[in-house]
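Chain IDs A, B, C and D follow the sequence of writing; residue 1 opens each chain.
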Amino acid sequence: MSKIFASPELALKDVLSDGMTIMSGGFGLVGNPESLIPEIKKAGIKDLTVISNNCGAEGFGLWMLLEARQIRKMIASYIGDNKLFEALYLSGEIEVELNPQGTLAERIRAGGAGIPAFYTRTGVGTIVAEGKHTEIFDGVEYVRERWLKADLAIIKGWKADPAGNVVFRKTARNFNPNMGAAATVTVVEVEEIVDAGDLDPDCIHLPGIFVDRIVKSTLNEKRIERLTISE
Amino acid sequence: MAWSREEIAARAAKELKKGFYVNLGIGIPTLVANYLNEDSAITLQSENGMLGMGPFPRREEVDPDIVNAGKQTVTELPTSSYFSSADSFAMIRGGHIDASILGAMEVAANGDIANWTVPGKMAKGIGGAMDLVAGVKKVIVVMEHTTKAGKSKILKRCTLPLTGAAVVELVITDLGVFECDKKNRQFNLIELAPGVSLEEVHEKTEAPLHTEGFVQ
Amino acid sequence: MAWSREEIAARAAKELKKGFYVNLGIGIPTLVANYLNEDSAITLQSENGMLGMGPFPRREEVDPDIVNAGKQTVTELPTSSYFSSADSFAMIRGGHIDASILGAMEVAANGDIANWTVPGKMAKGIGGAMDLVAGVKKVIVVMEHTTKAGKSKILKRCTLPLTGAAVVELVITDLGVFECDKKNRQFNLIELAPGVSLEEVHEKTEAPLHTEGFVQ
Amino acid sequence: MSKIFASPELALKDVLSDGMTIMSGGFGLVGNPESLIPEIKKAGIKDLTVISNNCGAEGFGLWMLLEARQIRKMIASYIGDNKLFEALYLSGEIEVELNPQGTLAERIRAGGAGIPAFYTRTGVGTIVAEGKHTEIFDGVEYVRERWLKADLAIIKGWKADPAGNVVFRKTARNFNPNMGAAATVTVVEVEEIVDAGDLDPDCIHLPGIFVDRIVKSTLNEKRIERLTISE
């Protein structure tokens, strides 16, 4: 009955299959499931739909799955600064659906919250709204967006207890808790597994009900994309 | 002398009222932070999930888990808070941010803005720009007045795919400050950069520009 | 001897699988908690914003800030978590709760349930019941088989305003356990309480009741 | 520029008017703005629309505003166990709009999040869905619900810092943070006002951007409605 798994490989055992939809947490490389992504590469599953704000950076994160040609479709907000992605896109090897970042986040939140569709101002009058239902509420036009769900979410937390309660650290929180609630199976890697009672019940970012499997991160490189220093 | 990038940022900072919550885009907008002092009590929001953003870290302060929306390392303040992406954009979409300062490729007299993609080139992404222009109370654009090729970026109508329709209130360029007068489909000149003539700004502005009665 | 309220609750507890996340309503459902042991690893959710609800407090443990959805004082466990009402119902509506055990005034063979109001009387409110029956994976009703006046509460069609349509899977009463067979618009008898005859249950059940081949 | 006010009376000064819509936090009497409600009574404003899960209990909470006949309309989820409410309702002195509790919570969350409408399964096939737009997504029927906003939210927190960051305590959190984000003006009473830096940035339930005014609670009775003890 324990949710704690001994290794990233074991934590992903029996939940990977060709053609599945995977949500992967993180904003750029911050809050990336660094230890889980390489196991998906190793498993060699193909034809994936991946939902993530970005698609990794040269050599890191989801870039690995691009390199191994495992991703068929990417639902993301920003895929710049990624030459491999560009090449695959231009050669027709990968499909991309770009979302405004906030719409992406809310679609994922809606997937976890049982809300199949919602209205937003974001994208009204732009190509994002093309082909979508729009409607006027109180004199203002809104566009309707659908929820996003996944077969699997791989996310990165800071600490987890044995019940699967997870706490995230600073801006590494980002999409992680929302994705954790929107997938059929959620696998969380954390920097530290703590004992029951070590987390403050008033400060749980992702309650254990959303978490199926927990594993201690084997990689915590936390590569910085844009080191910026004040003089 | 037209305004430098730093001077554009300094001028933009003057638009921010005491106590404002503000989101700054990448490029010139990021420089605006340099012109905010403690008295101004401005709080910076970063759409990746942070409110109360501090300056760039000293080398020994760098924390890879604290970045801004441009993925640059930043610092936290004693009153900072972190939240999820969904909560961050709820804050933006819900109209709680007082002002957003963004760059643009084109701005039109009807308040349209284009700043995310150029046809024929592969789009890098949308990021948070569409959410910001749609949700924030006041959208201020800072940019060079013309392209490198000398073409006006202040237009009667945008030619590039839009980021938002009828959302911009104010544009600050190297030549001056311009208010979007959506009703009259024109820009109103608010201020000229020192040494810039009315003739020059008229010449470099494709959009209808109202300067009548303007006194330098 | 038909089942007592305690026995109904004990029988309902058997429906909960190891590791389930469960929401218990007010009345008989609350008693179900008494029949869960540690081995069952059942986690109780309370829709006012708590996951991992402990037993009622000893007098010295009472904390007015820890209550269940029935406003009774409860306790927290080492792995409890608290969250807002919006997050709590996102959890419920999003289908993350494995089972909800609720009381009812009427249940129909098509899975309809009525448990919130009686025409002519002032409604006390809806509370979380409509969200629970609409969102939880498995809805189990526990109730007396008949009203005090002897009228069947297991009906062909509900007569009272509905709480949810086609949502109930299982009904446990003092007389036995009944499965909602929505396709055939009938209840299937799963189990009889000791000492209850097929005749008695047929007599007290207004809904079509399938008992063919049932062996006590 | 300080958000901290010296008394509940001052914290509500200049923000009260007849006919306004007020959100009031709490679930039953747990997490009630105990110190602010009596000031609304004292101010004597009338014709209010009040949005709250309940409407107080005999002698406590919003019951005071009922007694003073200040509420014209109540948007709530549960108004039972309140004889005064019943009497006013039956005599036509008060209007009531009952919501499923989760729909009420999500409508408030939507109000703060800029989402004018969303779809939910809750209430489909019941009188809650009557007269509302319904639609089928992926073969399942949903009902559309609209956002709720307010002119004023009065909420109860545990601790606040001078920037207005608020932390709630245990199940006293409930509707409070959602309401705090959905009102034009949000006034928070807290048990303790702490210094900047005393709260954990990873554990802020309501960021300061949503909070206009903070005041230390003068009443913290925390009356228990159903004291239940294990033998």
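By definition in this document, contacts are C-beta pairs under 8 Å (C-beta built on N, C-alpha and C of every residue); 3 or more make two chains touch, one makes a residue touch a chain.
This structure is a prediction, so every number in the text was calculated from the model and none was measured.
Chemist: Return the chain pair with more inter-chain C-beta contacts, choosing between C-D and B-D.
Modeler: C-D
Chemist: Can you give the whole-Å distance between the Cα centres of chain A and chain D?
Modeler: 33
Chemist: Could you put a whole-Å number on the gap between the CA centroids of chain A and chain B?
Modeler: Distance between chain centres: 28 Å.
Chemist: Starting from the mean Cα coordinates of chain B and chain D, work out the distance between those two points in Å.
Modeler: 35
Chemist: If I count partner chains per residue in chain A, which residues reach a count of at least 2?
Modeler: Residue numbers touching two or more other chains: 106, 109, 113-115, 120-121, 168-170, 173, 201-202, 205.
Chemist: Can you list every residue of chain B that touches 2 or more other chains, as numbers and ranges?
Modeler: Only 76, 82-83, 89-90, 92-93, 135 qualify.
Chemist: Spell out all pairs of chains that touch, sorted by label.
Modeler: Applying the touch criterion to every chain pair yields A-B, A-C, A-D, B-D, C-D.
Chemist: Note which residues of chain B are touching chain D in the complex, please.
Modeler: Result: residues 18-19, 21, 41, 43, 45, 51-52, 76, 78-83, 89-97, 135 of chain B touch chain D.
Chemist: Under the touch definition given earlier, write down the residues of chain A that touch chain B in their complex.
Modeler: 27-31, 53-54, 76-81, 86, 89-90, 98-106, 108-109, 120-128, 168-178, 205, 222-230
Chemist: Quick one: in the complex, what on chain D touches chain B?
Modeler: Within the complex, chain D contacts chain B at residues 1, 109, 111-115, 161-163, 165, 181, 196-197, 199, 201-202, 204, 207-210.
Chemist: Tell me, which parts of chain A touch chain D in their complex?
Modeler: 106, 110, 113-121, 135, 137-138, 140, 142, 146, 167-170, 173, 200-203, 205
Chemist: Touching residues of chain C toward chain D in the complex: what are they?
Modeler: Against chain D, chain C makes touches at 46-50, 55-59, 62-67, 70-74, 76, 82-86, 88-90, 92-93, 112, 122-131, 134-135, 161-166.
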